Each structure stands twice: as structure tokens, then as C-alpha cells.
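A short write-up of the structure that comes next.
Labels run A, B, C and D following the written order; every chain starts at residue 1.
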Amino acid sequence: MEGTLNVRTDLALEAREDIKPKKGEIDGVIMSVIPENNLIKVTFVEIQNERGSSLMKKPCGKYYTVEASDIQYGNDEYKEEVSKVIHKYLRELSYASTGMKNPRVLVVGLGNREVTPDSVGPNAVDMLEISENIMGVAPGVLAQTGMETARIVKGIAAENRPDLVIAVDALAARSTKRLNTTIQLSNTGIHPGSGVGNHRWGITEENIGVPIIAIGVPTVVDAPTIISDTLDNILSELQPDSDIKKLNNDNKYELIKKLIMPEIAQMFVTPKDIDATAKILGLIIANAINMTFDVNNTAG
Amino acid sequence: MEGTLNVRTDLALEAREDIKPKKGEIDGVIMSVIPENNLIKVTFVEIQNERGSSLMKKPCGKYYTVEASDIQYGNDEYKEEVSKVIHKYLRELSYASTGMKNPRVLVVGLGNREVTPDSVGPNAVDMLEISENIMGVAPGVLAQTGMETARIVKGIAAENRPDLVIAVDALAARSTKRLNTTIQLSNTGIHPGSGVGNHRWGITEENIGVPIIAIGVPTVVDAPTIISDTLDNILSELQPDSDIKKLNNDNKYELIKKLIMPEIAQMFVTPKDIDATAKILGLIIANAINMTFDVNNTAG
Amino acid sequence: MEGTLNVRTDLALEAREDIKPKKGEIDGVIMSVIPENNLIKVTFVEIQNERGSSLMKKPCGKYYTVEASDIQYGNDEYKEEVSKVIHKYLRELSYASTGMKNPRVLVVGLGNREVTPDSVGPNAVDMLEISENIMGVAPGVLAQTGMETARIVKGIAAENRPDLVIAVDALAARSTKRLNTTIQLSNTGIHPGSGVGNHRWGITEENIGVPIIAIGVPTVVDAPTIISDTLDNILSELQPDSDIKKLNNDNKYELIKKLIMPEIAQMFVTPKDIDATAKILGLIIANAINMTFDVNNTAG
Amino acid sequence: MEGTLNVRTDLALEAREDIKPKKGEIDGVIMSVIPENNLIKVTFVEIQNERGSSLMKKPCGKYYTVEASDIQYGNDEYKEEVSKVIHKYLRELSYASTGMKNPRVLVVGLGNREVTPDSVGPNAVDMLEISENIMGVAPGVLAQTGMETARIVKGIAAENRPDLVIAVDALAARSTKRLNTTIQLSNTGIHPGSGVGNHRWGITEENIGVPIIAIGVPTVVDAPTIISDTLDNILSELQPDSDIKKLNNDNKYELIKKLIMPEIAQMFVTPKDIDATAKILGLIIANAINMTFDVNNTAG
């Protein structure tokens, strides 16, 4: 089935790219590029109905993707600029979700702080300016707690009654060039199977009882992805007439998933300088949240 | 009021020591030494009624104090021995609290993992063998989360339904010789004002809805305590006829609290080698919990 | 040249496996399996001359490989057993290198403690029992220090005059099944291009001025390796007559290296549970070193 | 002996304050206040000869003390301002020590990163912008390495040949109000017995072979200090005619040192919010170093 997407990506933007027609309209999916800045590109994707959701394999809702390719190498002013752009769309999603100008937020840093590419969420919580309006917690992952993270979040939210939950998480991307350069904001919550740690129970408004904004950054690609990416090059070189090349991306990815050894399927692929990057990303996101919800802040 | 105790201690054993008559019986307070081992001494204190509770300034309940003066310098066998002694009384308190042989427990590591003497609880959680029966979380302190820790625990417990909560915490002691050598187990929960971080809302069965066992280790003394301890020596030396010496401990402590500068009152006092000790204590406690609640474990 | 090996591996055992004839003798390379234990297999490789060194692409010297496939899931007794086996060969290499029964050793934990799969060396140093006989340091990697690690080690050794340097490092393996299950001891030092962090200047007796024992554990595979591993499966399935299959491993690996995108070449692949494993491996190695060089220890 | 100072302080400013005459001139000691900023006060002390050195119990040399009482609570602009003031005097001392505009520096983060108030030095190294001109290392303390830190630094410097060593360290102060608010820069190196961890072998130009600039921040007071501070208040209240009050500060401190229990003498006293402060101080110092030695930086 052409257009059906099985490639593992947490980014709506990548999901959209894999659907044909690439440029044309798809019923139920809006996509527009927002001119923001020379060095920072924002794309808005809205999945409006079941058909769009089924095509995109993502829930209905709004997705902003902030692409900032110089995050790792940019100076402090550039990072501040990225925080401001995130802040702008975070404020918009927050107001749309809560109807409040100064909601009280609970920021949840998802992921395992002991695994470098999965530490962006906990890093962001460490950098928050905790106040009456900003609460934060990094509860750890299932293997560390023995509990579904969504159940921990639900319990904490039930007792502390935030107006909004912001879940910050490391994601898996399909494309290596999006690693550590792209921040996605969405109002759809976090769904089973997403994130580096592969959540099993959704952190969604339905489960938690409070609107959720998810902020995610791809920091890993999964092993089949890099194999799939490389296969085309190899085959073009050696087997110009290969049948494999005739497969579309989805089928190729599924085939690779079936054929790789189970050990490899349990691995992740991440850049060697992930330690510095995971800290910078945590700080950029924390600053955006601080700007948005600190009642004394006048940045915005 | 002779016998009234205001000296800051989280240990029932120390509270009992400060009450006269030191040796005789007090209505409502039972105390007995359990011969356990040459190098490990266990004391049992039970506060049985309101009069005992008021005298001791501690809630009614059972307190076991494990004194193991060689924890820091002992070898692995000694540490294993301490874990086994803790395990023995933990199992007893657990069975008395839940009536179950294999309860499902939620271990909460209280305290701030970024402040060395307050990291025993989080260290213990890091060393747990997470399983179906053992859940664990180290949520951080109020300054890190913006939430009362008791509310976080309550929410997590409500959603994950353990049969028992075990709260591991660093405590303040009155006596420097108890620092890092004494582990207290009690079935009374954790009350406001106790612990290094000074909890404001109790982690008690009443608040959380599940029986609580508290495991605490003194890792700090507060500043007025060491001043009070030293004052007697100084005055004996220089002013044998000083009026201050006639004050009892409580009044002296209260006086010092009034007279010290407010900056000092906000400080803690801890040994220079606290980094290694806080890790060893976390491991000893985690091992005791693992022995007690791991259904596959046959140690006990 | 058939048999020439370009596949990236830091393990002598893997280098030997890729050379034909697999079973027969190779001039200059001795290999023997030492029956140690049902669950722990030790292989000894000695590269005796230039021809062996050139074939194996490893320096002349002795290599012990301890394969312990249950490290991650075994109980404490099993881990203790692995430490004892490492201890046995470490003592042997130490005595052969120094001629001393109680040499004073400097243990260097190579790698970046902020990158989980590269933290085995620093983790091991954290667990050492520092004494008159055991010194330890984890200096960080070039990106953290701005200095070649070998120059740091050389300077520290020159001033502190150990009889022996033990360098503990995370390695890259060729085979995913060796990840986190194999410990290699060798008396050849650490050479440029090896290790997760890719040392640029060798930590060798020639450079440092003291005999070196290297203890390494593969915790990552590089991206081309997993692609190469997977390619055979894919081609067998789809292109039974593919020319690629006729390539030997080396040529295939080199081809893949050329054809993958440069971003991917800068990535590493590691299992999702690397956090717990990197700690266990550090502890097992530290315990082996403690057993071997603690003058008060009678384990050996 | 009036004027002889035994009070434990690493700050030249405090040493000067304890000498009478407080305002008048002392032969061999220059002190001047440099008007810098409303909220940041800089004091310059120069010890010019042996008589000054003996009175001050500090080596001859230049000491700049930056007092910034709002470090913990100030905003980012304030912290930037403090970094700029440190940068100004760091550049001055650097040029005076090396005669070079762009010296290559080795920054050494002294102290134990596992003990919160002793982690300022390692925290600063973590925040450096490592480059050709800025090298950095945090080697750990004697209890972690088994080696004198000065010997480690000497060896690293001998191999890597910096033009200047900058040693960042947590200090002990005499006055609680200087804790975490004062940064001292000096060109005298770090001497035995100073710092939180009490160095035993000096990090001095004589020992290391390269000019040393020490940057220190008091993060602890020792236990006798807070007792001594409090004693006056207590005695004024209760014993207006006490003989103790007639003792000068030195004698009182020495007396207290003698009379306190040895366990207490091995403790340190630090504020409860030391975790956040130790990170902020590390960042402020790292930024000052980055401003001063980054050849691409135009800040100053």
C-alpha cells in the first residue's frame, strides 16, 4: 500500500515527507512553513481528521517543528534565539490548550538520565526555574522505577493539580540529519512506542486528565534506519538493477527489520558528541519554558 | 520542665537518652537492647501512648536502631552483615504492617541527590533490584520540584497501589558519634521537620493511604548541636562556675538557637568523607530491601 | 590480499577469527582456548612476530579474552567469578611485565564518563580501593581536556612513578554478540585509533615509560559493522546471486565505509540497557584489580 | 601575641581584617578598595615582604577579592557582570605573570566533585570552552587518586607545557557572610593546608614550574569558626563579665580547636542550598576564564 508509513519516526514532519504526493494536498493534513529566521525554520503540521491520522500514523493535533541546524555549534545568542522561537509556539499551544495566560505547569523530564542520548528531558528539568508556576520532575524510566511513567505522571498530576503538563522527551528520528537539530512541539501527548525509551502507556490528556504539550528532540536513530539509508547507496553502486531498489521506503524498512538480528534491533545509534549536545538541548528547552511560564518574566 | 526535649534529633534512641530517668522506666516508652552481634547493636524503642509520645516528641510506634560503628571502615562481609540485620527487622515491621509475606513495595528515596549528605535515599533507590515486587523512585526535594514530596508520593502510590511504602531518608542526629553509623527503622512514617531537607508535610499512612516504613540514617548534625556540645567543654575549662552549665541540654540548645546568626542556623555540619559514606549507606540499605522483598531471594 | 583485515575491532580474538585458515596454524600467531569454567571461556592469543602482527593488524604481545556471556544477567556470585578469572590473568601479565609480586600500579580510566558506553573506565576507577599500592585517575577525553590522554598519563606516571600502568577502556567490537560480554587483557598498551573515543597517541610502554596492561570491554559497534552484518541476510533473501556476497568481509566493510553518509560514520551503536551494564563492567574490573594489587588481600 | 592570626581562612581579605590596626597602615601589606560597581566590590591586597607575610600568614603576592553578595539570587545579567569583573583582574594577573597576551592555559579544577561544596573547581572545568588555548582537567582528590594533586598537576604541566596554570578551588572562610559570595584571585599559588580538601603539597610556581593563578571561592566554614562566632553572643547574653570575652579571636579559636571533640574538627559546615550555588559559581568562573583566554573572544 503506497503511502503507508511504517518507518520509525516520532517527527510529524518526517511522517509527512514520506507520504506521496510530497508537495500536493492530502486530505486531513495541513502543512505550512513559517518564515521565522534565516537560521531557524519552523514548520507547522496539523492532522485534522482520522484519514490524516491514519496516513501519518500520528494522532490528530498540531505539530510545530523548529529546525535549528546550528544548535551544536552556534554561540549563546543563537541558542537564546532558538529558545525564543520555541517559547513563541509553546505559549501559543499553552493558551490554546488551557485558555489561561499564566497556567501552573508540571514539566516532566522523560527518559533515563544515565543514558546520554535519553537524558534531554531530565537535563531540561534540572535547568528549570522552579516557582509557584513551574513544577518539575524527572521520574526515571520503567527499568529504573518498575512503574509505567504515565502512571507516575498521572498520580503526581492528580495530587498537584497543574493546569498543563509539559512532557520533554528524547525521540527517535528517521533521518540522521535531523538528529539534535530539530525540536518538535505538539498538543497530542506522548503515545505508546514513541521516545528513545519506548513508552508503553500514553501520556495523553485522556490518561492524565490535564492537557499535555509534548516537546521532543530526536537524539537517536534506530539501527534499521541507518541500514535502510545506506542500502540504496550500496545497491546503486553494485547492483544497478537490484530488485531491492524497487521497494518503497516502508517495505524496505520492514524487510530490514525482519532480517536484522534481534540484538541489533535492541540498539540505538547516536553521535559521538552526544554528551555536550544533550546538555545544550536540555538548557534550550528549559529556557523556553522559563520564558513562557515565569510570571515575572517579561521576555515574551 | 525537666525532661522536655527540644534538641533536634530524628533518632528515637537519642530522644530516649535525653530523658531522665535514664535507666528507669518511663510510662509509655519501652526500650530494650537486642543482642545481635559483637559489632552490631540493635535497640528497640516503642512509644506506646500519648504520654510517651509527648515526652519523646516522636509519634507512637516501633523504632529499631541498628548501630554499626564500623560501617565506613568494615569489609564487604561486615556490610553484608549489617544489611542482614536491617533485613531481619524490616521483614518484621513489614509483616506487622501489611500482614503479607510478599507485599509489593514502593521504595521512595527522599532527599536531594545533588547534596552529598542528603543523597542516601536516592543512592539506595539506584541500587534496588527493580522487579514486579520492588518499585522505586527518587523524586527530588521541594526546591527541585516545586511540590511537597509527600504529595508526589501520595499520587504515585495512588496510581501504582503498593502494599507498603518504604521511605529512605538522610536524618539529622544530635550526637556526632551516631553520624553514618546508625540506621533507624520505624513504622511511624516521616513527619514534618524531620530529615536533612526538613519535610513540611508528613509521609504517613494517614496522608499516603498505605502503611509506611521509614529507614533513616543520620548524616548531618545541625550547627547549634555542635556548638552546644562544645560549650560545656569550653566552660568547664574557663569558667567552672558558669551559669550556663547549670542550664539543661534543652534550654541550652534553645538558647544557642536564639543567639546564633540566622545564616548559621541554615547550615549543616557533615564529615569530610561523606561522599564515600553516603554511597555505602545507600548500598547497605538497598541490599537489605532487596533481601526482604525479592520473591526469588532465599537469604532470609 | 585475502585475509587482510580492515574490519574495525579492538579484540585480538575477532581479528584472529577473520583470518583464514580459521582452524589451522598461522605463522606468528598462537591461539588456544583455556578451559576455565562452564560459563566463562578464556582464549589466549599471542602475536609473536611481524608477520603475525601484520596479518592481525595488532601489535605483538599477549591477549587474554574472557568471555562471560551472562555478565548482564548473572547474580553476584557469577560476577565475583568473572572478577576472579580476570584477576588470575591480570596477575600473570603483571608479574611478567614487572617481575614484581606487589607492584605499585596506576590505574587509568580512559573514556568520557558523560557518554554512557564510554564510561566503563571511569566507572572502574570510581570503584577502586585506593591505597599505597593502587593509584587511580580518570582524566577525561581530548574533547574535555584539550590534551592528548597519553600525554596526561605520561606526565602523571613520570611524577608518581608507578611500576605498572593499567589502562581500562571501552572498546569497539565487530560482532554484536561480544558487546558487554567480553573482557580483553593485553600487555601491548593502547594504540591510536582504538577505544570508543579513538585515542590518537598511543598509551604504550614506549610512550609512557612504564609497562602497560590494557583491560578493554567492547561496549559499542560502529555503524558500518552492523550494516555489514545485516547486508548478507538481506541479500540472501532477495538477491541470491548478488555480487556483493562474493566480497570478503574486509572488502565489504571498506565498501560500506565509503558509501555511508559521513554523519553515520561519526555515530556509534550501543544497546539500550547500556547504563546498568557499564556500571557492572566497571565494578567487575575494579574488583579484579583490587584483588590483584591490594597487599592485604588474600583472595589470590 | 597581638596580631598573630591563627584563624583558619583562605582569604587574604579576612586575614587582613583580623589584624590591628584595622584601618591604619601595616608595614608590608597594602590594601585598597577598588570601586567597581554598586553591587560588586573589589578589594586589592598586596603582601610585599616577609613581615607582611608573617603577619598575614599568607605568602607574598597579589590578592584580588571580588565580593558579589547577590550571586545566588541575582539574574543572568548580574552573573555575567561578576564574570566580567573576574575576567578583568584575571587578565591583569595573567599578563603580569606571563608577559603574554594570549597565553596557553591549563585550568585545574581542584576538589572532589562528589562532595557538593568541594565541587566548584570540577564544575568550572566542565563549563570551559576547551580550545587550543584552554586546556582543563579535574583530577580528583588524594582520597580518590592516591596521589598528591600537586604531583598530578606537575606531571600534566610538564608534558603539555602551558604558559600558565589556573587552579580553581573551593575554600574555607572564617566568616559565614563571605560564603559563596566572594571570589579571590591571587598569583601566589595554592599552599598546603588550604582549600576544602586541605592540600598537602603546594601548587606553586616553585613546585609546578609554571606561573600559577589561584581562583578560590569559600563554600565552607570549619566547625571551630562557627562555634567561635557564636560564643561571643552567648557570653554577652549570659556572662557579661566572662574572661573568655577578653581573649582575642586567635586565642579563642585556638582554645576552641583544642576543646572540641576530634570528630567535630573533621567536619565542615555549609549552607543547605549549596548544590545550586556550587554550579553557579563554577559557571561564573568558567565564563571569566573563557572571556580571558578564548582567542576568538572579543569581550574584553
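We adopt the following convention: a contact is a pair of C-beta atoms (placed from the backbone, for glycine too) under 8 Å apart; a residue touches a chain by one contact, two chains touch by 3 or more.
Just so we're clear, the structure is a prediction, and the values are computed from it rather than from any experiment.
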Separation of mean Cα positions, chain C and chain A [Å, integer]: 35
Whole-Å gap between the CA centroids of chain B and chain C: 44
Residues of chain C engaged with two or more neighbouring chains: 143
Arrangement of touching chains [line / ring / star / complete / other]: ring
Inter-chain touch pairs (all): A-B, A-C, B-D, C-D
Residues on chain B engaged by chain A in the complex (per definition of touch): 130-132, 134-140, 143-147, 151-152, 154-160
Chain B partner contacts - residues on chain D that touch it in the complex: 112, 114-116, 143, 176-177, 179, 196-197, 223, 226-227, 229-231, 233-234, 237-239, 242-244, 255-256, 259-261, 263-264, 266-276
